[in-house]
Amino acid sequence: MKHLLSIDHLTVQEAVGILDTATELSRVNDGQLKKLPTLRGRTVVNLFAEDSTRTRISFEAAAKRLSADVINFSAKGSSISKGESLKDTAMTLQAMGADAVVIRHSASGAAQRLADNQWMSGAVINAGDGTHEHPSQAILDAFTIRKHLGKGASDLQGLHVAIVGDILHSRVARSNVLLLALLGAKVTLVAPPTLLPIGIEKWPCNVTYDFDSVLPVIDAVMMLRVQQERMTELFFPNAREYSRYYGLNAERMRKLKPTALIMHPGPMNRGLEISAEVADSARSVITEQVSNGVSVRMAILYVLLAGSPLDVGSI
Amino acid sequence: MSSKYVLKSVLLPNGDKRDIAIEDGVISAVSENFAPTSHVVIDASGSRVLPGLVDLHTHLREPGREDAETVLTGSRAGAKGGFTALSAMANTSPVADTAGVVEQVYRLGQEAGYLDVFPIGAVTKGLMGESLSEIGAMADSIAHVRIFSDDGNCVFNPLLMRRALEYVKKFGGVIAQHAQDPRLTIGSQMNEGEISARLGLKGWPAVAEEAIIARDVLLADHVKSRLHICHVTTAGGVEIIRWAKDRGINVTAEVTPHHLLLTDDRATSYDPIFKVNPPLRTSDDVHALREALAEGIIDIVATDHAPHPVESKECEWQEASFGMLGLETALSIVQKTMVDSNLMSWEQVADRMSSAPARIGGYKNQGQEIAVGSVANLVVIDASKNWQVDRDLTMSKATNTPYHGLILPGVVTHTFYKGHATVIGSIVQKIGDVQ
Amino acid sequence: MNVALSAEDISRALTRISHEILERNHGSANVVLLGIPTRGAHLALRVAEIMAKIEGTDIPCGTLDITLHRDDLRLRPPRAIMPTLIPASGIEGRDVVLIDDVLFSGRTIRSALDALGEVGRPKTVQLAVLVDRGHRELPIKADYVGKNLPSSLDQSIRVSLTEIDGRDEVVIENRKQS
């Protein structure tokens, strides 16, 4: 594995390899070991052309815990905001000796363009490209589910996960559908018809417009953030109607299985797609997702950077 | 430069083997065994001769975007591809919405001297879609404009489209519509379908094109005017045009070579070399377009040659410009998709790529029958040879061809424009002083 | 290929090592065993069991994976990380006995010392190995050795344990043969 661009191009072995590595590293994180020398001397560049605090900090923490040097290149005030092209940015990073670039960008496919064009020789890690994919988020979500409900298995066979919200614009949804299906879980997408893409019939998942119908049968529910802009862009009448049909409130939470997990990639619109009560409930693993994110990102960096640069196998 | 040539043993579009003599700009003989006198003899045995190709949809970028292409470089690219006439679209800078700009483009074409450059006039001022441009003045100018198009933009306001269709009746002009409902395609990047959903690229639904085609054929019928639909890309659009023709509506349509070959799955690489307006569609659409072209429901092939500078294509998909080169590969793509697949004969190719476009544009000296007395606008193609597309070797100033590395059939060996050889041995010649 | 240690040899060696550990550390009160995965971890469990029988109390036993501290990671594709399980007693102020199957260049133990350093500060660190085959590249020495097996560099030493390989034995083979 030279890059992590998408779940689409990931094999089951690679995915499970990252999950297993993350499991060991999370033990390391929970226990006494906080810093490892493994990536000492390596430079990881965070190229965040789109604003993000949590993902960037997560990757930064992951890199630093492995003793890598981290350089942050964020949108505001950087040459990207002044119109420097992706190509020139990449060649600058190459000149700086970046071993890996973690890229978040508003253009779908930006990570792949960076990797394919060979403007730089390091590993490319997609931290979210437009509305295409967000692989590390999906991996940390799968990690969280496996940890709680996996019963020691390496995959997610037999589990049923619902993903609720703005599927049309969500890279988190795309990556999650692909990874959960790859690991053997059953996936149901829940959204109003306006927020589902044409062509979704070919995805490895079910689709329903009726949130209440899936509540009793799912093992985990993943709520997606709904952006305020969607309301002005005519996707649904108003926030009230959206919450009424697609919001996870206390009443809906009661209809879930007692073991069902409540998840959200963040940041949350408390009161819109998820009520405060639900977000703070004992069944919510939302904050745990964040710390799992660091372990998972450490695993990704380890798999891509620790081994020989010539012999890019997987675990 | 010689002006007397004879093409020996060349195959006419209908398959007959003849010698063709060219003298003083016209075809002076078409016979079985011509005895050359001071003619330059070209051994064309095994090759096919067609009337010089006529493109009704070319972006020559001059004035305003000379970094991508000029009338001169575009003419050379056209000659290389076997064209003897190009129609320069109006979305230049300044827009070709006055007699002044179209006359400038016309003169640049004459000075370059490789082929006829027929400027197309904008339908609306500045392509803004608000008021009609100086259509009459452009028609009366030395550019003698007969085709009007806002291509790049759609004439979206139905009332304005109606007025335009009516107005050009005065001089037998035609409105060429770029069918794209702007409200259904805000920020759209590629065909809306399975692939766009997977790639996270905003979709461009087929209905955005088809709804405008439907509206405009009805308008053309209502006001009894002539309509031309640019770059048809969907099976649905073909059906609407078929319906319209059945009712006797005066509509013609064009398809680009790239829409005969490429499909939307090319976008999976996110390489914006495949980003084009209208977008690449599905293989069902490609098959419908090929059949429609063979049948004549789609009347012509038009390249929509759209040169762009390197930096406009070497970036993320969303940032990239829409468009592909087309002049130098058009005939080969048509041979590959239509002739070699037995969907069309060479005679039909001559019609779709020369006579029919000439007729639609009113270009009297183009698309003539290969017969004694006709203007010598000819292209000779060796259909049995293959060649490899190399973006660094284009005659065009730009390099944005989607076919780089592809091996295509059919090598243009000679192009004749008004009896002068613009291409000899596949090499574009120097014409006049302007190089 | 010849068998350097049979199953009985291994069993006797582990028993002797267990006694030696107890002797040197004056009992088991302060001892923590950490096996280095993969086979060292199983050996540690065996030693813990033997010591527990002798002393009549449970012996804290865990694993210490050294993958992340290796100095040769860049030479091969990424290696799988094995579990690191430090017993609840921790290692602060303890006499930690690292247990591995073969002591060779000493680099694994060097990595283990680094890894241990991140966990805490033991009172002492001791090393028990089933086989010492010489050819040290670093100044590392084992405190408890099952068997010294001088070998040449073109030979390989293969340790098999029932838990993983289905039988207990240690064999030496020439590289060309295998």
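The letters A, B and C name the chains in turn, as written, and every chain counts its residues from 1.
Quick note on the criterion: a contact is a pair of C-beta atoms (placed from the backbone, for glycine too) under 8 Å apart; a residue touches a chain by one contact, two chains touch by 3 or more.
Owing to the predicted nature of the structure, the values given are computational and were not obtained by experimental measurement.
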Central chain (distance from its CA mean to the mean of all protein CA atoms): A
Chain whose mean Cα position lies farthest from subunit B: C
Chain centre separation (subunit A, subunit B; CA means) in Å: 46
Rounded Å distance between subunit B and subunit C, as computed from the means of their C-alpha atoms: 77
Subunit A-subunit C separation of Cα centroids, rounded to whole Å: 40
Per-residue overlap in subunit C, given as positions that touch at least 2 other chains: none
Of subunit A, residues touching subunit B in the complex: 8, 85-87, 105-110, 112-113, 116-117, 129-133, 171, 174, 197-200, 202-203
Partner subunit C, residues of subunit A touching it in the complex: 17, 20-21, 24-25, 27-28, 31-38, 66, 302-304, 306-309, 311-315
In the complex, subunit B residues that touch subunit A: 192-203, 205, 269-271, 311, 314-319
Contact footprint of subunit A on subunit C as seen in their complex: 65, 68-69, 73-86, 90, 114-115, 118-120
